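Paired with chain B in one complex and with chain C in the other, chain A is shared by the two complexes that follow.
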Partner chain A sequence: MKPLRLTFAIVAVLFLVVLAVSPLKDYLREWKHDQTEYNRLVAGLPQRVKQVDIGIRQVWVRKLDRVDRCVTCHLGVKEPALHAAPEPFTTHPQVYHDVDDLGCTFCHEGQGSATEYRESIGKVKYWDRPILPRAYLEASCAKCHREKDVPQAPILNLGRKLIRESNCVGCHKLEGGEKQWIPSLDGIGEKVNRTWLVNWLKHPRTYAPSTRMPNFLLTDEEAGTLADFLLSFKTFPEEAALEPEPSQLTSAGADQKSKLVELGATRFREARCISCHPINGKGGYVAPELGKIASKVSAQWLYNYIKRPKRLQPGVVMPRYRFKEEDLVGVVAYMESEFVDYDVEQLPPHTPDPGFYEKGRALFKKYSCGGCHALSGMGRAEETGPELTKIGAKRLYEIDFGRSGIEQTLPVYLKTKLLTPHVFGESMKMPQFGFREDEAEAIAVALLGKTDDNIPPDLIVPDAPSGTFAPQGDFGKLVDDLACLGCHVMNGRGRLVATDLSLEASQARRAWIEGYFKVPYSLRPVLTERMPKLYLSDAEIKTLVDYMEMAFISDSLDHTVSTDPAAAAIGRGLYYERYGCQSCHQVGAKGGYVGPPLDKAGTRLTAGWIFHWLKNPQRLKPGTIEPNNNLSDAEADALTAYLLTLK
Partner chain B sequence: MKESLRALTRSQAWRSIFRHGLPLSNRTRAEAVFYNFFLHVHPAKVRKRSVKFTYTWGLGGLSAGLFIVLVLTGALLMLYYRPSVQQAYGDMKDLQFVVSSGQFLRNMHRWAAHAMVAIVFLHMLRVFYTGSYRPPKEFNWVIGVILFVFTVLLSYTGYLLPWDQLAYWGISVGTNMVRSVPFGLGERISYLLLGGNIVGENALVRFYVLHCFVLPVAAMVLMGIHFWRVRKDGGV
Partner chain C sequence: MTRARTLALFLPLLLVGCTGKKNTPPSVSADSVRANDSAVAAPAAVPVERVLSYEERQGSVLYMKYCAVCHGKEGKGDGFNAFNLDPRPRDFSDSAYMAALSDAQILQTISGGGRSVNKSPLMPSYGGTIDNRQARYVAAYVRAFSTGQ
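Let's look at the complex of A and B:
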């Protein structure tokens, strides 16, 4: 009997010990230690910071249905005196949002209900949304901020821009970009040669380093078949036919030809083609690379295209230059002689495989070429890639990491997928876009923000609707023909490469605008993206300026000042003595380089514009760095009078 | 001291609870057992060999003990848990992170449940190998089998309550298996269990009620009969 009692006693004691472990663990919780540390820390500070009562603290964000207990240990989040304290007590960096308003995990992700470090960052087996790494933190801004330029979120903005530019929506279902089908491939058989096309399909960046076309990693055979298929499309949209190549191009003697080339070179320079087109990487960013164009397109196509761009490529953002026939031929001759790719090896003559059409068609479909390119008879491709509208909520177990061997988190997966799509499996169809590492990260940030979180409508910052301005009549035709909206914004529509013209007639004088169309390089000669010379006729210029004076004007900017020399003298004093304008602006080649020179301000600008600009520059151009000096009306009048004398 | 004790044992309150004096004769000793609720299940006589530990291994007693542990921890867990889709998982997390010894409670409940399934099964094996299912104990064997089924059902219904992925898919698979019951009954039973066609709010509430009320109460009733019969048939 005795050993049984002894065993019973020992077992009872053991049970007691086991039971005691739990309250002991409870007593020794991590956060209790942290809070004691915090109290010790703030007691030693010179500033008076309140100590905390030991206990779990939490932020309950009712509108988001979240409870975040991060503040149990992150006690100094709102305490400026602790900006240099060690984690977890540091002050939160200055952001617009308040922790009491949105909590922590809405932006940072992780497990808000947890009260232990390891659990709270969510890198545990049973938590799907671990804390976002710092580099990807801006993803959370995208949950509510749908506007184009999110304040304080440059990475997110870059990512969204890249998503728009790369036409991701061509293959993926995704908000935040309109589908683009440019360029159309109709008539490509009459435009390019087979050598170029095969090389292009295989390595687009060899020809044009800045192209948006991704590399589909095609095999030689695939590239050849696809090229044969594409080259069989020789009809341009709406049955447009090519005019024959002008005889000067084909049959001119060497002497005549060099004259033609010389003329073309001058016109090419004057027309400022490089404002939009890069040439071997130098020049604008708006339009395709021209450095090796002669090895790509036929002279006949080039001649026809420059003559009337929209006829061969409907919707293209290229102005129709009003070249004289001779100048046009010269420009084509110049481009043909200058922009040749000397490194390219011509492919041997080749008879297409009998089944090339069917095979090429299959390839065209397989790689979803129709997502970005229109081609008659092929239809526009449906979204063939996976839907990305909720990609930020993708669970780790839904992802096939293949043999990539990368860190198994969603941000790293997205980044790797963007950099090297094929690393997760040979059969992946996504092409290689050749993003830089920071670009891939930025796109991943923009994608990670697309979660399935329920966002209360009052938190959402919507995107401003894009403008619907569509000028009609003669002016409208000119705007379309000259592709003005490719660089200028008019009443909220267009791409802002150059200036917003919505108030142009209030800003500039009629005579100046008219002159500017003829000599566009008179303004801002250091910029790359300068206004091209379009060789407009006087009648056309009159149409344009007449319309501007009717539509691009605001009565609220009317103002008249006395042109009294005395007033101008006072203004001069204000300019040089009181406000020191010369530290940023130049007059007569003296002054700073920050603002534009004001030498011809009086010729160009209206009195009303100068006056209102001086009163409140940000009203007329939000974001301009010109300071608002709070001038009185009299001072602004005097300064305006002075500036108007600069002619 | 002695005086006051005597006064206490003679008081009306004392005598209303302990209706007999000390059992001094054999008859009063027997009566003390027969007339006491807690002792009434004792058999009139016990064979020496059935008291031997290696005969029963104490498995029935262990099962009953685990059941008590489960009822106690379960009752405490019910204080913090709300069976709703919105709150179930969060409440579980709160138990883990905020409630004092909450994780201990959950673990205790979980491990006791696992252990109970195993021990009830071993108990059945023991009964089988010692031939204790033979007359006159055949009815009690049937009750025992039903209790085993209840034990398994309790485990299964408790599985859904954390409302995590494991729970969700576990119950999805289980109720899909039920669907293959023939004669068109499968669909009906599954619908009855889930309160619908999918594992959702209704299913959660139904499983909660089954787990916390229907099955435990039914099991307790059957356990009462089971124990009573064990004793009456000469077991311990």
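Let's look at the complex of A and C:
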């Protein structure tokens, strides 16, 4: 009997204890401790902040099908008075989205239903979407924001820009990175020499530090074979034949030659080649480096190319300068004498191996050169790398970290892959792009945003469709020939290096535009990109301006102001005394040079443009830093009247 | 005797029940998260050691666009356009001056311009160009020039 009673007693006590442990455990929950702390904290604040009842709190976002309990401990997210409070109570930074609207994990990832720190934010086994480190947080903006420039997401914007510029879509299937124009390789055998090509294939950045061509880490043998293969392509697109090199270049005496070089130097400066081309890293960024061009291309090719760029390289944005023959020869002579790479060691004469063509062709395919470069007979290589459309949802077990020894998370994997693709295995085909660390992070951010989340259509902010403007007739031919859209935007098409011309005829006066084509000058002294002098004929200028007056104009910008000197005097007062316009604009060599000088505003600009510009600058040029001063019509009229007197 | 033995048996159990929960203060395992935070690329060269807050980073982008031409990339009032202005733009790294300035005053100057606070009209008003939220971001960043050490 006794052992039975003892057993009974033990079981009874055990039962009691077990009963006690459960409420005790519940009482000691982490979040309860946090909530008590919070109540103590807010009680001590000078401002009145409501205390919370102890209990689990959650945000239910019906449209995203998410329940986030983060607010159980992050109690101050919507309380501005707690902006200096310690975590987890501090105020959420002011973003455009509300926590009630989108919840927490839609942006931050992590396990929303967890109520313990480790489980929600820490690494949880089998939880595929761990919390996003802050450096990569903008990835979540990309889930809905498909537009090119996402407000408040500079890292994402940089990443997307780099994805476009690096032409990732050449090898990977990826949305939102339209194919870039990359030079065709047809005729390369008549263009470059073998020494340059071998060196280029091995280390592109030695020749051009800013090039987008990645480094494929080729062996000497591979580079040599590939070069031999490429140099066998001597026919230009559409079988365009090179004109012979002009005799002045080949047979001029030393005296004659130096005169030619001098003339060429002048024309090279006048034409402002460095607006687009960098020379040893200095100058524009739109076009390729020219600092060592004479050691790359033949004089004959250079002469033919400058004469008619699109004949040898269809689609290139280089304008066809209207040089006279003598000037053109001078420019070539100047470039040949000036832009030489004296450090380069010429490779010994070389006879290609018998099997070079087949071997080279195999290398061309292996490294997917055709993903970017067109080469006749090779076809277009499409998407030979892995698809990246849902890369942000890649599970950790799907990733081969190899022997890289890096932290095993998706962001770190992507960043490392972009910086040093070969740490994941010698045989990786992905080339080295030479990104900086912050650039690799930015690209990783843009890629991480490509998840498989089911986004409700009404949340998606689409990208603006790219323009389809294609001018016809004589104007269209000129725009193509002068590559205007390489720098200017017209009706939504083109590249915004210089101004948008879609309203040019409403903005500037005819006589001024004509004069500008003849002698272009820099409206803003601080800009490095300047309009080149294209040596246009009067007839060509007339064609251009006639078209602008017909198409690049808007009636909604018409406006007339009185020419009364009294109005101009009031405007002058507003200009100097009230709005301080002189801090950015110069008149009579006095004032700042952030905006264009206004000395000749009256001869350059129309009344309607000035008036509407002053009323709302961002309406006419989105992104301009000219402040909108909320001027009344009377003030804008007076200022316009004043500016029109400046001639 | 029996009772004492049973108690001794259960005491450790009780203790386990109590200690299991206590050791997770938020900052301990946050290290991995924070380590990544320090890798945030601040777009601007502010002479601060600490990591910029979200508001400050947003502000820095706007600051570089609108303000740096005069106030300088490091807030010292030495932007390229500063030398055309009289009086010169404010030096935001002047911590004595900035400490005496309230947030409301900074915001007012940004949105209403110099003229709205009886200062030089050469400081334009940006209230019509950026919204209140953006103005607060800029104000937060302007403060960072003098507070972050």
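Everything below uses one rule, namely that the second predicted complex is superposed on the first by the 613 of 647 C-alpha atoms of A that agree within 3 Å, B and C clash if a C-alpha of one lies under 4 Å from a C-alpha of the other, contacts with A are read in each partner's own complex, and residues count from 1 in each chain.
Throughout what follows, contacts are C-beta pairs under 8 Å (C-beta built on N, C-alpha and C of every residue); 3 or more make two chains touch, one makes a residue touch a chain.
Everything numeric in this text was worked out from a predicted model, so none of it was measured.
By the document's definition of touching, both partners, chain B and chain C, reach A:116.
In the overlay built on the shared chain, the residue A:461 is in contact with neither chain B nor chain C. Counted by residues of chain A touched, the larger count belongs to C, out of chain B and chain C. In the superposed model, A:126 lies in contact with chain B only, and not with chain C.
In the superposed model, A:550 makes contact with neither chain B nor chain C. In the overlay built on the shared chain, the residue A:88 is in contact with chain C alone; chain B does not reach it. In the overlay built on the shared chain, the residue A:23 is in contact with chain B alone; chain C does not reach it. 25, 116 are the residues of chain A that lie in the contact sets of both chain B and chain C, per the superposition on chain A.
If you check the complex, the residues on chain A that touch chain B are 22-23, 25-26, 56, 65, 67, 69, 111, 113-116, 119, 126. The residues of chain C lying in touch with chain A in their complex are 2, 6, 9-10, 13-14, 17-18, 20-22, 24, 26-27, 29-30, 32-33, 36-37, 39-41, 43, 53-55, 58, 61, 65-66, 69-70, 80-81, 84-85, 113-115, 120-129, 133, 136-137.
Residue ranges of chain A in contact with chain C, taken from their complex: 6, 9-10, 13-14, 17, 20-21, 24-25, 28-30, 73, 87-88, 93-96, 116-118, 121-123, 131, 133-136, 152, 154-155, 411, 437-438, 441-442, 526, 577-580, 582-584, 590-594, 617-618, 625, 627-630. Of all the residues in chain B, the ones that touch chain A in their complex are 86, 90, 93-94, 97-98, 100-101, 104, 164.
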